[in-house]
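Sharing a structure below in structure tokens format, with a few things to ask.
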Amino acid sequence: MNFITIDKKDWAGGIDRSRKTYRVFGPVQDENGCQIKPLTPDLYPLMDAGVTVMSPKSVLFPQTEKMLTATLDASREDHHIMKPVEKDDTLRVVLGIRPYDARAILLVKLNFDNPDYQDPYWCDAYAATTFVGLGVNRPGPCDFSTSTGCGPFSEEGLDVLMADLDDRYLAKILTEKGETWAGACGFDTTADAAESQALFDILRKEAEKNITASVDTDQLSEKSILDLHEAPFWDDVAFSCINCGTCTYVCPTCWCFDIQDETKHKTAVRFRNWDSCMSPLFTHHASGHNPRESKVQRVRQRFMHKLKYFVDKYDQGIMCVGCGRCVASCPVNIDIREVCTIMNNHESK
Amino acid sequence: MENPYVPYPVRIDDIEVATEDKSLKTFTFVFQNPEDEEKFAYKAGQFAELSIPGVGEIPIGIASSPVEKGFVKFTVFRTGVVTSHLHNMKKGDIMGIRGPLGNWYPWEKLENKNVVIIGGGFAFTTLRSSIVYMLDPANRSRFKNIDVVYGARSPGMLLYREELFDWEKRDDINMHITVDGTDDPEWKYHKGFVPQVVENNAPVADEDTYAIVCGPPIMIKFTQPALTKLGYQEHQIIMSLENRMKCGIGMCGRCNIGKELVCKDGPVFTLEQINQTPKEY
Amino acid sequence: MDTCIEKIRAICADLLAKGEVQKVIGFAEGSIPMASRPIAVTSKDDVEKLVFNATCGLNLANYVSDALPKEGKIAVTAKGCDSRNLVTHMVENQVSRDRLYIIGVPCTGMVDKRKIAALFEDEITDFIEEGDTLTIVSAQKKEVVSKKDMLRHNCRMCTHRNPVVFDVMAAEPVAEQSLDQPFADVDQIAAMDPEARWAHFQELTKNCIRCYACRNACPLCYCPTCFVDESSPQWVGKGQDKTDINTFHFLRAFHCAGRCTDCGACVEACPMGINVRDFTRKLNKDALELFGWEAGLDMEKRPPLDVYSPDDPDDFIK
């Protein structure tokens, strides 16, 4: 793998050059802290911002996304025939994505790109996107990403991993996509590989030391689904929950969605929206029956999905990358780290 | 890349009121593009999303049989927004069908076996598909005895009545038709609930006998002990589950029972499998 | 305020030990700095879990209906605003007075967690509250500030810090605030020209992700099915269309008119920092000016939009 060094004085110029071929996404500040958003030509990514409230999953999986459309105008030959909407699958790059968020995209990929079905909306967006990560030098108190198979300098899912060295970025080019992006920016000052890797290792170790929170997940796969499902602790876990969708919407790995139809004049549109297992509507049958009618059933579903069903189904660890967003944003302080520990340590009677 | 969300365009070729209370109608669809019919190759037990542009989609079991060509049939209970809209549609209207989706009854495993079909109320659609499939001259010899227990509230609530009475007359299928009650003096079939009729009439299980059970939860609940009494093991009881679905292809996340997705890993499960998952259906 | 926690614990231990209540709803210490968590304590051995501090900004009235056992009583710790929402619950027949044991907690206000977070560029690692002094620490620095300066807006505007209904008080009542301009924020928005006002509300909701944390944290929002969740007919679209988002916020606010106690739970819960109170405060002001009404003070009266009076001054209703 080759390394390049990017003087911060050249950073904005490089981004500007890349705008000819890429739509650029990155962290920007608004009144609610930092968000990953498309950058208009006058905007540059706020690389040293903290963790964004919302994860970058929306770059590939917008909260509301048009899928199909049809005309309802009976005078048209193709009336009532649904067709995919035109999509913009030109190249895009996400700058300053955190390493755990890149791993999250790989976990989400397991759902949208599987041997039986490929979701073209997600898959095409994924294929068009380059992920330029920035190692997290100072992880925050909610970060437990070293327990989830990644960490502050994890490379998985990234095309480029950069390290912030005050006056410059040191960038490790991990894929061809990453190389193409660096080329488009005109970043071509190579750095010594061995030296650079050593520097990355030091930074990684320093950063990992700052992560004080951890969870054990080693026992989860051995537990029985039914034992965990019937375990006595769920009422306590769920008591404070108000059943809002915050945890699921801020989560980089939550992929569930709803499909809705709307009509405007003579056009029908089918689109999808993020959905949440916290909502009773999620599983409400038309008959009125609801298999997850109570709050505790829904809370249990969220944690069972992330920490047990996913573990069993994919053998890729838990469906959580340890970003801590749900911990920080939950209005009632339900902490997935505590729940994971309870589940991991649960002994059936 | 194939877009699994795009429905095949179909035309409503026929609409038939299926029950005396008019809450069920059977829709016959013809594919607008003949090549789509081939792509829609299905097996008995699968379902599809009926797709009405601007209104929505609804997962419905396929009631026609793979051996019936040139059309597909669905019997739909009017209950929510999409099904109510569908009930008001007319012959000739254009809409969409997406599928076939989900797994099917385990036809490979059922070869050279006795098959007992047990259905109640309007959960008889994929069972009709299965019966027509098994009775097809090309297939009948692949199965041993076929028994069918089917019950509804009243004679007028039985689906596919003409076919039922035709099958009744055949000697290669044992029909046990029942109604909860009727004051029709001409009624010559069973009276009573499905579980009781099963207990009294269904064959005792040996290792070559399988039961396929579809019906309302209350029927299923009481049919299970009847089957157990007759010696059916959990792996010999095959069921089809329903849950709220949207995508039908295992991506939108809502229809799971444990780690299984009813839309993709199901809807057909054995009781043995179901008993190993949380009962969230 | 931390002085009253020992009294709260003692009261709860006693109630649980004597079996007078089946559980106590209160707050527990959170797992991260500046957080607290609603909790149900069922054993006297667990009362040590209870805390009360300036981070207990949710409204516990939101929990009583669900937590109520089939028979018997539960206890709930109640700040001024929680107690007013308990009154509202009782007036609206959500819970009856004899099922509740209310432990009144005089309140000197809850902190604005966003305001405190904004003092730091990095994440807060420690938060210590001692009387009016808050010590807040991050990896980069330590700030010592006065709690008074960090209060939430609704707490600064609060004129009912003491519980209005209780079975026992956990401390002596605190002095109530008197305000020269109780609705300065509303007046400021009202003074805008229509375009600017519309722009203000468009800007206000632009980050809404429709998680419904505001609604679900609100003790008033107990409808079995909220209008946004109805599917037949479906009143509101489910996507991120501005019109649908605003429809939710506008209608929710109107549904709370004359019932809202300005407890601030909605704003506390919102992960996107939306000041939902910009909607509800206007209606609170109207309720006060048109009907002389403040919600949750009177056990005998139903909210003004809930009643018909023959001597109503408005013509349209006659």
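In this document, chain identifiers A, B and C correspond to the written order of the chains, with residue numbering beginning at 1 in each.
We adopt the following convention: a contact is a pair of C-beta atoms (placed from the backbone, for glycine too) under 8 Å apart; a residue touches a chain by one contact, two chains touch by 3 or more.
Note that this is a predicted model, so its numbers are computed, not measured.
Averaging Cα coordinates per chain and for the whole protein, the chain whose average falls nearest the overall one is A. More inter-chain C-beta contacts link the pair A-C than the other of A-C and B-C. Between the Cα centres of subunit A and subunit B there is a gap of 39 Å. Rounded to whole angstrom, the centroid-to-centroid distance between subunit A and subunit C, based on C-alpha atoms, equals 32 Å. Subunit B and subunit C have Cα centroids separated by 51 Å. With touch defined as above, residues shared between interfaces to two or more other chains in subunit C number as follows: 231.
In subunit A, the residues that reach two or more other chains under the touch definition are 258, 260, 262. Contact with two or more other chains is made by residues 80 of subunit B.
Residues of subunit A that touch subunit C in their complex: 30-33, 35, 50-51, 53-54, 63-64, 138, 140-142, 210, 239-240, 242-246, 249-250, 258, 260, 262, 271, 273, 276, 279-281, 295, 327-329, 331-335, 337-338. Interface of subunit B with subunit C (complex): residues 80-81, 84.
Listed in rising order, the residues of subunit C touching subunit A in the complex are 30-33, 35-40, 58, 62-63, 66-67, 121-125, 139, 207, 209-213, 215-217, 229, 231, 237-241, 268-274. By the touch criterion given at the top, residues 1-7, 9, 32, 51-58, 79-80, 83, 93-96, 242-244, 246-247, 249-259, 264, 276-281 of subunit B touch subunit A in their complex.
By the touch criterion stated above, subunit A contacts subunit B in their complex at residues 67-68, 70, 72, 79-84, 111-112, 114, 116-120, 123-124, 225-226, 229, 255-263, 268-270, 272, 275, 277, 282-287, 291-292, 297, 301, 304-305, 308-310, 312-313.
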